[in-house]
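Chains: A, B, C and D, in written order; residue numbering restarts at 1 for each.
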Amino acid sequence: MAKYEIRNKRLTDEEFFRIRKEEVLPQWETGRDLENMDECISAAHELSVGLGRNYAITLRDANEQGIHLLQPQFGRALTEYMIDGMCYVEDESPLVPAGLWNVFSDSYTRKNNYKMAAVGIERSIQEGTTMLNGWPIVNFGVEEARKIKRAVKSPMTLNSTDEDGRLASETALAAGWNACNCRSITECMAHCKNIRLDEEIHINQYESRLAAIYHERGVPQSPHISCNLTGYDSCGFKSFIMVVQALLGSEQGIKQFYLEFGINMNMVQDAAMMRVTKKLCEEYCQRFGYTDVRFIVNNNMFQGAFPPRLEEASAMMNLAVMIGIMGGSTALVLKCQDEAFATPTKEGMAASVRMARHLDTLLGALRLPDNAALREEEHMLELEVRAMMEKCLEAGDGDIALGICLGVDAGWVQTMISPWKYNRGNVLLMRDAENAMRYFNCGDMPLPNEVKQYHLDKLKSRAAKEGRPLDFDMVVSDLQYASRLPIIQK
Amino acid sequence: MTRRNVNKSVVIGTIGSDAHIIGGWVLKHAYEDAGFKVAFLGAMVSHQEFINAAIEVDADAILVSSSYGMGLIDCEGMRDKCIEAGLGDIILYVGGTIAAPLELERNWPEVERRFREMGFNRAFKNTCTAKESVTTLKADLGVE
Amino acid sequence: MAKYEIRNKRLTDEEFFRIRKEEVLPQWETGRDLENMDECISAAHELSVGLGRNYAITLRDANEQGIHLLQPQFGRALTEYMIDGMCYVEDESPLVPAGLWNVFSDSYTRKNNYKMAAVGIERSIQEGTTMLNGWPIVNFGVEEARKIKRAVKSPMTLNSTDEDGRLASETALAAGWNACNCRSITECMAHCKNIRLDEEIHINQYESRLAAIYHERGVPQSPHISCNLTGYDSCGFKSFIMVVQALLGSEQGIKQFYLEFGINMNMVQDAAMMRVTKKLCEEYCQRFGYTDVRFIVNNNMFQGAFPPRLEEASAMMNLAVMIGIMGGSTALVLKCQDEAFATPTKEGMAASVRMARHLDTLLGALRLPDNAALREEEHMLELEVRAMMEKCLEAGDGDIALGICLGVDAGWVQTMISPWKYNRGNVLLMRDAENAMRYFNCGDMPLPNEVKQYHLDKLKSRAAKEGRPLDFDMVVSDLQYASRLPIIQK
Amino acid sequence: MTRRNVNKSVVIGTIGSDAHIIGGWVLKHAYEDAGFKVAFLGAMVSHQEFINAAIEVDADAILVSSSYGMGLIDCEGMRDKCIEAGLGDIILYVGGTIAAPLELERNWPEVERRFREMGFNRAFKNTCTAKESVTTLKADLGVE
């Protein structure tokens, strides 16, 4: 246990401001503009609460009123492309007034490789098009970020982390955006290769604390807890890491979380995941004394491979929106018809907003009715998540930060495919006859026998339906179950 | 193509800061199934790591996967480094979602042209299946 | 009771062949080519069973295997456009091998106005485009119909009735298509103005008997019982008329019915309608001694106004397909993105097939799980349909043909808006908060109090949600609830 | 337009064999709400029936609804019959989904041109709301 120093403990102001000054702001020259935190906060207040465009408040109100917020994603190399594209979407779709923006930075920025981001900016100017996969927020700095904030009508959040998103988050927050993802394990599993989990948690503690400070000082924040990992993870694993992150973020003082689910595309299983996760986030937070924390369920779309044709992509998106609404989400992050090819275009995003809003109109107040299949799924999921939580808490002697690090070492915490070198990856997942995600082999994950059996039984339904035994090839081909175009018989 | 002895061996990885590992994982299995020796370097592999591995396993080809949209930037100079390392005639493939803006991804001949200019033997769209890529490599290597 | 002569009684062969010779075949010159019925049947056998492209068999097998058949609709003025368009769809979409065709004739043909159809053909040739809203099957005759049948791979059915579709059906059947809709009340309510229901039932008895004769002689048929009426009817009314039609068709000897539901776009209510209708069709058929009849559940899309933009139309279509699959349909009749503007184009239909097939892949074996809301809806629907059935049967002294005619007179059988002059139309329908269709006022329909109360309670949920009282304006604006484009706030 | 006295009265119906009654039903309510006297003839109305009703109620306008795609054929000769019946200056509107092939429906100026040529004062797309059509008619009649 002495292996890791990390603990789930709030950073003191002293530590926080030391890190800020020594480690975060110096990462790139634009950090200088953020030195005066009071100024940052009051600017943020003016640009979000002041303009009536605060992300956290909008989200909370929509949740209370049962309104669905649509959330397009957008990220281009240059500020002018950003403003042009986001205004286009707001002008060509019914995004306003029930919308949010999810802006992503480019991957160089996410890797704190601001020199390469600068190369990308140069190249983009030269070529007259975007040569980066997102907006390099750090290179452009806080004033440019404020310019965007002023130009668009819907509240914004920033999606920019891999190992270390602290400077990006500082910049976004000071511009009146929402920021500060709370997702150390997600990051390791989805985007990282070499960083240790304890280091990543430490970095994320800073981000969470940062959001909390803004919140405490009157600029409400709603950091994202994401489980949109590789697109090929079990619901239990996704749910588990969200509960863990809830504890880590709450300790730093976050009061409102945006639970961002990456769904697996089976309505019943996904609904179960959303419900169980919220319930357990609340329950575990209660248990550890975080009593005034709010969790809002939202969902991103399927994070796996999309089909490379309009109609098939449209079927995917409609199903995803439907699962989100029927499953109880408030905000719906949108992909678009270009998903299989390139980062979203403004035309694609406007189209997605039109589509999703209409589906929302058609569904009205309809939700997935409570039913036995859903309850069984919830029950099994709860057993699974509780088993993993208790295992890690026990190992960490009641400290979840420590426990999860040890859990990764032991292989209890793992997913099937990840770039992260600490991921054991001996779990195998495939889809059952209803396309719910199941453990074909649960590797070293500490799942209750009842849960294992449940998954295997479900898989048998598929074997029966297809009339062939389950095998490893199914695992591989399931990675593309939704992206292969159907065969046309000529 | 006049080349050294073919020994059915490849290096696979994603380049630059690209974390999209699933495609590489699928390729790894497909090449192994087809009897290739595979040095699978995972995600976020630098030029030098690719080259070192290629030397180590005496690879016929390096399969560079790039999906996150910045492949055009990341792949620059890769062929030169191969030449420097004495791998001038190694086959370089790139595949995935290799160009960031949609305009460019849709203008495939231009994408191909650019990668050829950078010294890549072939560029593959992300609709190419793992099996198809195996077949192509075998043909390029003149093996079964 | 002496008011009507009509009875639910099988036509004798003598009557049938007399009508055929005297009333049906002479309607237009192409009727001559159908005189020899044995020849017609053997040609039909060769072109459907022989080629392995029989509609009824394909439907039955798909139903048994749990496969979904996609069913595009198509109809243009000229045979060459038909073949070009249908082959295009089969070449550009994964329609084959799990597809069916729904070919519609033009409205002049449906009104037996073959002279005007001829004008439309001429105009179409002149203008080089289709100036009719469907394919004038009677004017072109059986040989042209066979030409189409040979050219396409998927089994075909004909949608061609208003008052009198007998000659059209004769032509289609003799070409190896499926035909003979069994839908007298539907026709009156949807397409007619002046004809009396007893006359229409009489005409339809011929069509049903015709299908039965083909079936008995080895060319399986699966006539449609449709409830795709005005698009603005209650589920109970739709269900009721399907049960009535089942009795009328079965008496004539039909052994397999294609139940074609027009859905109202609320998943739970529509699923309830599909289940209850099938159950009651079976039950009432048993009761009247039709013991070997098969009912297959299928659905058409929403029959009301579609939105005039791609993305909104796509949301509609995806939801409709989802309701069909989740609700238990086998075949899914498709509309397309052009729905709000003009009869389907080949491009639009190919796109719909691609979309629907992908959604089917994604949903896999998932169905709407049994649940309490669904059971309650089913229960209420059953009460309603039984009440209407019993009322009519009683009035008709056990004869449903007579009973329903009297029911129309009494106003028990009616819908909100119809071109039919005998429709009382004092019922008012609107949507509740979940967009299920409810009685705001049930006029003279003999609904049990429990059912009335249930609908009113559901409507209260809407009043509460919208914070305003229910009124007639809601009835009117609900007619376009799905077709209005959302407002863009600039 | 120099016309007889306006008395806020219209005839509404679908033409030819067109059964699409919903639009007409909505129009009927909208015109009544706006203070018009409405002769609602329902669906499948012939030229002669329209004209007879127009004479009977001394209508300012006949609102022909056509949705099933054959309006171009069905509306031919309608103006001539009006002239014969002494209704030469009656306003003729047509609305709905008035042209069968998509190519034509998308080429709206051409659709309008054809209906004008046939003597219709205006043609309306099916995206026109009932209220908008009331406003237009009032303007054409010069009334409030």
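Structural remarks
Quick note on the criterion: a contact is a pair of C-beta atoms (placed from the backbone, for glycine too) under 8 Å apart; a residue touches a chain by one contact, two chains touch by 3 or more.
What you are looking at is a predicted structure, and each value in this text was computed from that prediction instead of being measured.
Common neighbours of subunit C and subunit D under the contact rule above are absent. Averaging Cα coordinates per chain places subunit A and subunit C 45 Å apart.
Per-chain Cα centroids separate subunit A from subunit B by 30 Å.
Subunit B and subunit C have CA centres that are 55 Å apart. Subunit D has its Cα centroid 66 Å from the Cα centroid of subunit B. If you sketch which chains touch which, the chains link end to end in a single open path, with no loop closing it. Across the assembly, chains come into contact as A-B, A-C, C-D. Per the touch definition, subunit A reaches subunit B in the complex via residues 106-108, 110-111, 113, 116, 119-120, 123, 129-133, 162, 190-193, 230-232, 304-305, 308, 338, 340-343, 345, 348, 417-419, 421, 476, 479-480.
For subunit C in complex with subunit A, the touching residues are 91-94, 96-97, 153, 265-268, 307, 309-312, 314-316, 318-319, 322, 351-352, 354-359, 361-366, 369-374, 431, 433-436, 461, 465, 481-482, 486-490.
Those residues of subunit B lying in contact with subunit A across their complex are 14, 16-19, 21-22, 25-26, 29, 42-44, 68-70, 72-73, 97, 99-106, 126-127.
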